[in-house]
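In structure tokens below, several structures.
In the two complexes that follow, chain A is the common piece, with chain B as its partner first and chain C second.
The block that comes next holds the complex of A and B.
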């Protein structure tokens, strides 16, 4: 068996030192000065966005374990760190839960009693159960992430095949558990912002964006690390190409899901369902909706179709960053119209939240990255993964 | 009964080889072509006789329908869509495994597909034929069935372009065309092998014509591989689109139980599930009959069982989400429809569906079941039954109690309905048996590509 390539460690960049992380968090929290309303609305968007990346990482790692892919081994550690950031996202859930009365109409007993539908839903949509569910989701996801990560790190030491087997055994039921918890998390955190509205596809919609986001994140990270002199010759243009294919595929899959939801609601034209899209077509929200149609589908669809584009790191980087921005716009579009009818507004607290909480997410990722090898050094499939080529 | 093939060393990182035994390029061609060249076995004649008889039943039922009218079916108001639509969706669903295996698994570099893609694609084409039959005979005056197509005419009469039923015509039509092309293009190298080995003039001419002058030159292979990749890329969205459009037939309506946004991906997952169920049903006995254990190995069968487990669980996920949202919606009609499904007059259909689609496939979590031929075969039949009942539940239970209690009714199929369904299996198996007899059932040229000898370093890396 060939040994893994060397030079696969990086030092922690300055922005990933504990002090810097604390500073990021402080910037995030400073959004409070713009008022708790702005703060919680912005926080929920960033929270749902960052959660989607970590959840995407979790499912990415589990699916690749179960189907036994080779190409993905070289990016597995990067995905694992993003997956482990779920613990940070869990901490971020605490302020979200503090904003529950601001974010969720159903949390106000006086609103619920005057509303037959909300009264009916109260056994599900109530504060203790909601917080309990969110806690439960994070416990489950963290447990899965930690169990998988632990085996992966142990494998760095002993290179045992037993760890591969264990990771497969955790991942197979893990995927089933994930499917349900992720779906209900999407219902709870995002769909219940507009508590009268419902859509059975909503969990898959959130998944589609999340899987797109993880592949885009991995593409950005590998291209960045290579520019810093790491991973050269390990994560090659062949892996870029595969990540690019996944980004392209999930641009299309997201569109398929988004279109299915839109088309069926538009066609049946039932007021209690169409209201959701009506709100997203009012005033300047129309431009956000159109931005998603073009920015989340039409432009990347044509831009990323050709082989050349996916194998050109500059183009792929631009495409991946673009998709992450569009994914943020998508999450924004899911949540915010409920709070500002008729006018899409990016507020000051959005800036502080993205820079602060998003920055802390990135910093934590690099902090973790510096502590471990950049690739699973002793995975028996590593050499094959490095040598992987598209045909 | 266990699997007879040898058990090579395998572990979590080195999967079992895709071809067992001491096969080389020559023996693969021999083994595959022999099936078409042997004297026709007696068992084939018996099976073909049975299939032809059933096909005769289908023809008789359709003739009777044309002569007597739609009244011979059990349709009533409000259940105006009965067996015909259930069977249509059932067969279209089965047609999905072929393209999934040939296109999506190809793009995902799942090389194990090479041993099973040919018959899965054949199954796809034949299942589309069965599916296409039903809307055609359901239109009432079936001699006017061509009105389904937007054909310019002197009456300036057009189908309704806003109707999902018309989109179906396009979706299924495109799917059938691309599936046939994919199947045929992939077959060219193998047809030419049969041509080169042909002993009789008739075989030489026929296989010669159908192999389109394939000589296996480097240039041919180059063009062929490009064409195959492009066809795979074109066919991939079709896997999703066909059954999504079929689901639109229901979901664009305002009927509780039909109108729900999860329908498109849920239908696609169900279609792949049922398609793999049927592939397994056909492949397990054929593999033994034609002694193909070297090519369709334990690993192939296990993989198919895993796909059935995964897609069956996705279908279960959809049932659960539908049920939850029916409650969560706070809409009494939604809620009633689902309670009625599980506990109303058709409760038995609902629970057959849940048992066969969600519960029994969970047995595939166990390696023992995934490697037991009899066990997996029985479970695959369950999948076929469960998926037929799923469509029955969707079509019939959603319609039979609509918004007006005064118009509620119960639907029972007539003997004509039953025999038409049975007859459609006759059509399917007649075509399938002809395929087994005259076309190489394994993509020999592709299987050669996964032999260790085909690797640049001869498999010694």
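The block that comes next holds the complex of A and C.
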């Protein structure tokens, strides 16, 4: 029987020092030299991508609290840090809101007047309400994340079971609140880029990719930390296996949702709905669509099906990195066709945004990671979590 | 007095004892033996030296068969057997077939899992020699049983009894068919 590890910590890597974080942000902002159009379009993709990881972490933490899983305790702290990064994503929302007139047609009164659909939607899709909603989402998510994280950290000190109960009590209503806010956030930020089109399943589609992304992120982080000599014997192949199962399951779930959306639109064949897929089938977007079908479903579905693959750290790492890249492609595919009909283009600002804002996200994660124990070291279930085995 | 025994059964009182007994029987080189407990005992598969199940391959095969059946069934019926234009779609419209492809794949895979599991376990079995063994009735309550069958190549009654005794079995009995 392995016992609970105590005092597991790592030092902050060089790229996670405050100076480095500032440098990353500077690289991200340097995208503006390519023009505000490119910058805002790239920023929205990275913003939606990073938000999906932190939102996935928030729901991952809450679900595991509510259902009382044991296996996830050893990766909980890692997920909590990604969850807390929602505060950084909230800061990223500020430049996105600055680009509102570039990104969202419905924000231009001259386009709304004379357009029956946009006029009808104007009570919902208007600038003050939109910014207010986004602010509201981030306040709610940050409040949930901070409340959960505080209890988790206090537990490191006193080891009280009361914190477990408190976290469950926060998480149960938290999940319901999350479901609504996350759904509307997906409608607002991503779907309203093409404001004439709508799909009621869109929020779940974003959630599917988001939950996939958090599990892939955790797998990458865990395997990276073990290669650096941390968490060995604490996060074992058994936990890898569970993360792999989640990744596999949500590869399938994403496909299920994506196809459900596609099939109804294909079958009904109503022009105002099919146009969304038409745009994504024109020119080189066709190849991006096909890349998603194969790269986001067919290949990982077969690659991650077997138990052996999920329990092999190298395969799992490759699969997790692959899925994170595919998730970025997915978010890209949701947003960018609206701005470049007929031609999928990865622009220079995409590079600076991914490296800069994405790099800052990763650096902030490691910065936080170095400040606290790597696992909730006094959670009463930690020893059981370390000893967890699949059957 | 009677026909040679079908096997010899021994009773242990705790999961730890039965786990140790299974390891000892495995290490002694017996192959045809089985363990019966009131609840699943963790690591018993390793203690007994069982190899990984081949069931996943059966399930995969059945899933592929289900998928092929669904494509073939719908492709033939909709495209050739009863051609009928629906919603202006082509006769062979893969997107429309996907729900059935999904369902039949899952259905066949589930059949493969359930019936494959039964087949590998040689179930249903209406009769088993152990049913006549009186102490064995404790298996559903608090008895941990290990039985070595006489059909095992290494089976010698004295050796088996000695082994069980050395492991501290409470009761050791012949089981007759």
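Definition applied: the second predicted complex is superposed on the first by the 386 of 391 C-alpha atoms of A that agree within 3 Å, B and C clash if a C-alpha of one lies under 4 Å from a C-alpha of the other, contacts with A are read in each partner's own complex, and residues count from 1 in each chain.
In the analysis below, contacts are C-beta pairs under 8 Å (C-beta built on N, C-alpha and C of every residue); 3 or more make two chains touch, one makes a residue touch a chain.
Since this is a predicted model, take the numbers as computed values, not measurements.
A.B. asks: State whether chain B and chain C clash or fit side by side on chain A once the two structures are superposed.
C.D. replies: Superposition result for chain B and chain C: clash.
A.B. asks: Does chain A have more residues touched by chain B or by chain C?
C.D. replies: Larger number of chain A residues touched: B.
A.B. asks: Could you look at A:389 and tell me whether it touches chain B, chain C, both or neither (first, second, both, neither)?
C.D. replies: second
A.B. asks: Give one of first, second, both or neither to describe whether A:44 is in contact with chain B, with chain C, with both, or with none.
C.D. replies: So A:44 meets neither chain B nor chain C here.
A.B. asks: Touching A:252, do we find chain B (first), chain C (second), both, or neither?
C.D. replies: A:252 contacts chain B only, not chain C.
A.B. asks: Just to be sure I read the superposition right, which of the two partners does A:86 touch: chain B = first, chain C = second, or both, or neither?
C.D. replies: neither
A.B. asks: With both complexes overlaid on chain A, does A:374 touch chain B (first), chain C (second), both or neither?
C.D. replies: neither
A.B. asks: Based on the superposed arrangement, let me know which partner A:204 touches: chain B (first), chain C (second), both, or neither?
C.D. replies: The answer is first: A:204 touches chain B but not chain C.
A.B. asks: So, does A:261 touch the first partner chain B, the second partner chain C, both, or neither?
C.D. replies: So A:261 only meets chain B here.
A.B. asks: After fitting the two complexes on their shared chain A, where does chain B collide with chain C, if the options are 20-28, 38-46, 92-100 or 308-316?
C.D. replies: The stretch that clashes with chain C is 20-28.
A.B. asks: Shared contact residues on chain A for chain B and chain C?
C.D. replies: 263, 267, 269
A.B. asks: Any idea which chain A residues touch chain B in the complex?
C.D. replies: Interface residues on the chain A side: 68, 116-117, 120-121, 124, 161, 164-165, 168, 172, 176, 179-180, 183, 187, 196, 198-204, 252, 256-257, 260-261, 263-265, 267-270, 272, 380-381.
A.B. asks: Using the touch rule from the top, collect the residues of chain C that touch chain A in their complex.
C.D. replies: 40, 42, 56, 60, 87-89, 95-96, 98-99
A.B. asks: Given the complex with chain C, which residues does chain A contribute to the contact?
C.D. replies: Touch list, chain A to chain C: 259, 262-263, 266-267, 269, 305-307, 389, 391.
A.B. asks: Which of the residues in chain B end up touching chain A in this complex?
C.D. replies: Interface residues on chain B, with respect to chain A: 11-13, 15, 237, 240, 244, 248, 251-254, 259-265, 313-314, 317-318, 320-322, 325, 328-331, 365.
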